[in-house]
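To keep things simple, chains are lettered A, B, C and D as they appear, and every chain counts its residues starting from 1.
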């Protein structure tokens, strides 16, 4: 007899008011199989994952576990049926410590510990408060907790989007190993490299409907994108960043010996108008502190910041913005007014200063917001509340705000987190275009392959200081990776 | 991934109501008034001959009249709740303003008295704004504390003016008890006021910032908003509104008292939340709060006119408020 | 002579109403004129019986010689009062009674207050008609006492019918609104009895243009003024002096000085001032004091008990101040 | 050590403040001794229970505006029942009534999806009315042993029974719960409801349970009112605002997830002893109101300032 699939979902439909997130989603997973769930931003992947794991109730459809119809009413029930998810947002309780979080979900401690170290996190104490831990660690803890629950099917929703490259490696390794032991995995990601490395099969969602199953084999990207977008999109042409920018005259931003507790110790660099300067760093090397200091969020403990030759101190982001420095945080929850409309979110900086507390300039606002929405192709069907947008579209809104406002110096912290391939392809040229029009851009990304696509140069930060400056257009992933690990070799471009 | 056009009618109705939350509230209001009319036939009829053939007791006029100060105080709650705050000092501020105005106008005349009364609102607002915006004390505690302090100050002040006599400025009396075509003159103050608040919330940068702060303060400050500026301005505005409401109330009740407007505090919060304002910030509607105030007033009348033990009356009041909000939430799908 | 230096503690549980403020001022003024009181400790706030127990215990801790209190409830305070008396502290309850053995009571007779006013009203209506009955706060002792008096009068006049009964919460705004509502229903009534929220009721009639009916209120400055000024108003004010507090201080000092009265209980009986007869109008004209805070009762002294002057009670200063 | 101080710094600070205030009291009134302490503890009883109840619902992310009204209901219920039946069954009925009222509050919040503050604002009136329906006017009578049980010292002079009752009742009810899965769920729900739901917490049931617990504590508060006064009073006392103030002063964050019950309880004693000090100093009562308000705001300001400074390192 043929073995029944571990999980078999069909005909799943779900509407949020007027928005049909899913109309007919289907998917099967067998033992030991890793199935990629692919789709553009807003295709319904997360909604599907939430329905399969009881976080949302479907309007219609069927879920079978080993052939038996299952009613997954809540995440707890899903866990009991062997379906364990890692959602896009951390699902750990910020005000409890790690141990209590485990107890809450009845997770055995020892396997959890084992998984945490297996996944590359060292020095975690069970009495650490979740709220004090960095996002990347939380993602890993979420995964370790899921693994320790010994699931039959593991559902990973953009698990790696917020992870630095080294941790991604660990995750892929562990998932592969578990699949070899017979675990079924549903893997949501926008990263083709990961999918082709890891997955056996892909199910593509488009507009809430399953539009095809693909076997992962060389050249499948082309086909997947076609299915995802319903159209052909030239992929693979790695149109790398433009040539050397004109690094002459006064730098837009001159940073000297900048230090900020706890991680950043000594960083100096110049950023010129018209330049995109990449920042390459593994998790927690001080890049968070660097961006917080430059954006006026936390004052640095030492060092100087000059803007157009004038020394500056920023006591508040408003100071930085007044000096032309605008910051897009990596964590979109920090940047979005989740209950407000797309328009209000994008127009927010227009009203920030006291001088602009008066009547709104509605026409101007409409124009600028429209411009940003077009530029970023934001899906505005659920625009009444930003929280109803899909994750990727939310991410676009955070950038769109500054596109609308117009920028001199843009501090982008991992802007392509969770963005689909088409949009990414729109964002790189956009960043380049901004630079060509005279903006200076500081660009941190956790995906090293993006560096040559968007940047002119890249500074590599390791252990709180700059260890290398690389001409990005020529740098391949291996070079960057070595540098990021603090292994500065002769082969790195001068 | 498609549009509403194919949705069944009941879904479309739900969506319509969700986008126009005012409609179910208005329906509740009219249902309540209809129930009242059934209970006491004739009460809603606008014109009835009284002594000397004058327009007599016009209940709708009274309803509106007493809803106005409540709706003004509810504005304080709506505005502060937008930023996830609350202003529990409004009742006291209104009382202080009324008391100060009545006692000072017999000494210094009406205009200085009114100005000083309004400035008490500014002072309390400044202190609230300082605590909430700069020291970052939770607004509930901050405004509770300033309310207590203001009560104490009022009592100390009261000692000094026991024998000063009181006088209610003519303008306030005209606003408070005068009528035009059967409707209270208070509307001459309130309609511009309400338009101002609605405009402030929807069409000004300040309004936008209030919503933004309540939704996500970190996001707002990342966009360059200095939160303490906003809180300071907001709580001063709230204080001034409360003082203004107190002055109007003085004209209506024509009696000073050390607790004149204090009983309006809880209803002002209730009016705001019935009207669909979220105490968690980021969502609120002043039009809703105005209807909320009217609903509360109609309920007051209904219960006053019902013959039943006081306990049952009080309990019924609570149950109806709960039923109205629960139905509202069910219909609009918001919370 | 040889002045003693007594410390007297005061406990009161309602703050922010004119009657109680007058009571406190009367206590201070009387303590000032009594040469023997060196210190007056006043615990005066809005609280319940449990809070009053706390205040009394704190006063005991402060080492007072006597406690003068306006009790929130006759039975609830016994534990603290008994322990005070066990420590030879003189206890005087003013305005309302307490049941603790050994405590002195100098009380306004609340039942009589209501009875007197109601009886006048019913008499005024010729023994038959519909009245509105506007009470105080539900569940509070003073309101219950007055209710008993009102009911007693009602029994004597079977022709009288209560068409509306409502609690004003002793709040001006609430009373006024309620009266507007009653007027709006169009159900006729012939008289109004109020528990002290009175002049705003007159206002409600005047403002809505409704014909005035006889109204019974208290001797608050505002209402007394209306009785002589508002055209067509027939009404009566029943005295309920807040200055009974001053009398309480006087009694406490007497007891401390060994001049205790024979009876533990002294009832200050209310007087009724009506404006339908000439003597009545004269009384009211004499009692008027338009400058006084309109919430204050105009009877600022209790003859035979208090010794302070008008200026002193208005200055509201106790010993050791000013 | 430093981790402990960091985690419990606020509570420790409050304890020190209480100690300092006790010393101040002694300085002002050298005769203030164990008896003063005993009456202080008794006065704190209803506040302590109201605060404990409020703290639990604030931790779960809600707020209960009906605490004072539930205390009024249970207080009059106790006085009415004890007049008619034996003490212990009456006690059990009262506690059960409190629990049920709390559960009703919680169930209404979960089922109607109306925000906590609105539901409990409405229930404030419902329970207030209920109290009046049970007892129209102050009256009833409590058992003598109930009054005796909160009076005096046990087991030795110096430890007030009232203090033991507060500690015992809250300890017996709260400590086991706090350590159980339910306790964790309460904190988790208050901290992040969505994450809690996704971690497998039955969010609705947790909330209902927290409100039930609040009702139970309110019943204890109502019983202490009855025990203190010997009668039942149907009018709610000033416990709502006082309990919110004590909860915030005690380091429980409005919004949920943080804090415990010890801090708020210490805060109750601080507020009570301030009242005592003001009386002992014979401060003008009108000024007293100003002082109380100022102290409340100042302490919270100071604490907020200290914690934000601490967080910034």
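Here is the rule we go by: a residue touches a chain if its C-beta (ideal position, glycine included) is under 8 Å from a C-beta of that chain, and two chains touch if they have at least 3 such contacts.
In UniProt terms the chains read A = Monosaccharide ABC transporter ATP-binding protein, CUT2 family; B, D = Monosaccharide ABC transporter membrane protein, CUT2 family.
Note that the structure is predicted; figures quoted are calculated from it, not measured.
Asker: Which chain has its C-alpha centroid at the greatest distance from the C-alpha centroid of subunit C?
Answerer: The most remote chain is A.
Asker: For subunit B and subunit C, let me know how many angstrom lie between their CA-based centres, rounded off.
Answerer: Each chain reduced to its C-alpha mean, subunit B and subunit C end up 33 Å apart.
Asker: Please report how many Å separate the Cα centroid of subunit A from that of subunit C, as a whole number.
Answerer: Roughly 72 Å separates the two chain centres.
Asker: Approximately how many whole Å separate the CA-defined centres of subunit C and subunit D?
Answerer: Roughly 34 Å, centre to centre.
Asker: Considering subunit D alone, which of its residues make contact with at least two other chains?
Answerer: Only 131-132, 136, 234, 284, 286, 288-289 qualify.
Asker: Give me the residue numbers in subunit B that touch at least two other chains, ranges are fine.
Answerer: 151, 155, 159, 310-311, 314
Asker: Viewed as a graph of touching chains, is the assembly arranged as a line, ring, star, complete set, or other?
Answerer: Graph shape, chains as nodes and touching pairs as edges: none of the named types, so other.
Asker: Spell out all pairs of chains that touch, sorted by label.
Answerer: All chain pairs meeting the touch criterion are A-B, A-D, B-C, B-D, C-D.
Asker: Could you list, by residue number, the parts of subunit C that touch subunit B in their complex?
Answerer: Residues 15-18, 21, 25, 138-139, 164-167, 169, 171-174, 176-178, 180-187, 199-200, 203, 207-211, 222, 290-296, 314, 316.
Asker: Could you pull out which subunit A residues touch subunit B in their complex?
Answerer: By the definition above, subunit A touches subunit B via 17-21, 23, 44, 207-209, 295, 297, 316-318, 321-322, 327, 329, 333-340, 344, 347-354, 356-360, 362, 381, 401.
Asker: Mind listing the subunit D positions that touch subunit A in their complex?
Answerer: 3, 181, 184-185, 187-188, 190-192, 194-202, 257-258, 312-313
Asker: Along subunit A, where are the residues that touch subunit D in the complex?
Answerer: 55, 74-76, 79, 85, 87, 89-96, 100-101, 103-106, 127, 261, 298
Asker: Help me check something: in the complex, which residues belonging to subunit D touch subunit B?
Answerer: 108, 112-115, 117-119, 121-134, 136, 234, 241, 244-245, 248-249, 254, 284, 286-294, 296-297, 300-301, 304-305, 308
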